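Read through the structures below before going on.
Shared between the two complexes below is chain A, which has chain B as its partner in the first and chain C in the second.
The block that comes next holds the complex of A and B.
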């Protein structure tokens, strides 16, 4: 399913969405052409959240069932969540710079995006820091579970902060249509990236050298496959 | 229920007794906290008479870093002489082990806070006289949430060859709602003169309840010798 045809379709849809943006979508009254980055920004934000949700479900799946493919799915979706969140932050900063003259403010929405980014970047750092595959899977699954449960609390606590720059804009019908159209290639892209990574990790696992049994530090016999 | 409380008291008593005899953790962690406050004081230069609501920033940095060290050390104690394996073989619910570790971490962190906070007040001239109980209450609730998450993660990574800073990296982003909520509540109390606010309190309580429960449940799966 996620083969060349899928990617060609995604590419064509992206091209169509960009063309629509250039030709059909009207400019917003106050902010000018740079506002059109919003049509990338919002779908990317929604897909970030969906990727984080997939990571959460996969982590719970791994902790309950201890099957390796859950771990691969969690790793893949965590990575894509960071990539999408980076897009959200960068497009948000570009938009903010042109709309309010500042690259960064500590407003609730920006702070929330930043903390989300930090949470999942740390997830990736944890994965690279631990050598043993089994410990890595357990530790990153626990972290991803806690991180996702933290997200609503981050949202609520940032709501306490003063919102200097309200970012709600009213959308006319053509704009809503453009937004709906932009969702399709972004969702396809996100899902495709997650599945591509997932299959990569599955193949890496299949090709990995067979693990050896070694005595542990205290003289305990670790389980088969566990190095340290 | 009573048996569980007795078991928790036993395990916490063990940790605190070890601590009182070796005096490793409390001293080290307090000194680190004092050093951090000193560095921040020097870094802010001559104008370091920060208003009362700046207290949360300085103290949070000190608590976060010294807290992480505290959690690492209390778990490292279990690594000596195969203590952890013995503990896992004992007829104890693993959630009890978690609660006992949490209690010892919390008591140590409160002791460190009792040392570091006056130092901060001294160096920075924080004026907390307007609402001292609010400050103490907010920071204690935040400390509980921080210890809940830190104890879980410290146990989870204690069996790996530790990359330096891994625990800090894991705990800091998760604890950010505590930092944000307590800072906003302090701003409301000391700068604006209103109370701490029910929303902020709600967030702190929700954090504590959610993560205490989740950590207690998850601990079963993650503690390995």
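The block that comes next holds the complex of A and C.
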């Protein structure tokens, strides 16, 4: 269930990426050492988008097929998306403090990123606040489908609007190599966390007492029907 | 705080959040596995 080999490999790759960053990667000429935040910031941002995409696809899957494992997958990827988006925001803020002299500025990219984080935090809150498993699955699937609309806005914000956030950075070859190396442990970590959380939800579901169908619940009787 | 310290802070928080969450899941899985064993033993007796 929690494949030790996978996690040991991911841990070793993380250690190798950190060592590479400390020993091999050169400092950028104008920004200095602070540019090195970029090697964590960008892979975390891409993985945030991918986690949101998995959540979106799984939510559509649940709405069309009504299978519980779609709901578990959506919940797991939504949870990991919050974790990754937190990293994107925190590393971005630290970079901004050093580069711009302020922790936060209401630029379109930063604002849409904060909205994305809030949307998925609310998604997790919705999941914990609804007791009925069927209602929870349906409402959160509809919500996650709508919440995903912010992802293209985050991506396009720097292209469509005037923004202080850089759109592209020119990197020397060792920097490109470092970036490529950093993608590996971050992608492995993100995928591993989604799968681990997904399996944990499935086990918890198997251990939970059978779901009760709520009679006379007009809004979601159609959703509760599948559990019978 | 200089640039180097900001970089260390960013990586410590970023990797801490990811690996901390992995550790949390591992711990929860241990609990679920224990509950599952107890449930299985209860079912057999």
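Simple rule for what comes next: the second predicted complex is superposed on the first by the 191 of 228 C-alpha atoms of A that agree within 3 Å, B and C clash if a C-alpha of one lies under 4 Å from a C-alpha of the other, contacts with A are read in each partner's own complex, and residues count from 1 in each chain.
The rule is short, and it goes like this: a contact is a pair of C-beta atoms (placed from the backbone, for glycine too) under 8 Å apart; a residue touches a chain by one contact, two chains touch by 3 or more.
Fair warning: this is a prediction, and the values are worked out from it, not measured in the lab.
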item	value
Which of chain B and chain C A:139 touches, first, second, both or neither	first
First (chain B), second (chain C), both or neither touched by A:105	neither
Touching partner for A:130 - first (chain B), second (chain C), both, neither	first
First (chain B), second (chain C), both or neither touched by A:94	second
Touching partner for A:63 - first (chain B), second (chain C), both, neither	first
Touching partner for A:156 - first (chain B), second (chain C), both, neither	first
Touching partner for A:83 - first (chain B), second (chain C), both, neither	second
Footprint overlap on chain A, comparing chain B with chain C	none
Complex contacts: residues of chain A adjacent to chain C	1-2, 7, 11, 14, 18, 21, 32-34, 36-37, 40-41, 44, 80, 83-84, 86-87, 90-91, 94-95, 97-98, 186, 189-190, 192-193, 196-197, 199-200, 203-204, 206-207
Sites on chain C touched by chain A in the complex	2-4, 6-7, 9-11, 13-15, 17-19, 21-22, 25-26, 28-29, 32-33, 35-36, 39
Contact set on chain A toward chain B in their complex	63, 111, 115, 118-119, 122, 125-126, 129-132, 135, 138-139, 142-143, 145-147, 149-150, 153-154, 156-161, 216, 218, 220, 228
For the chain B and chain A complex, residues of the former touching the latter	82, 85, 149, 152-153, 156-157, 159-161, 163, 166, 169-170, 172-174, 176-178, 180-181, 184-185, 197, 199-200, 203, 206-207, 210-211, 214-215, 218, 221-222, 224-225
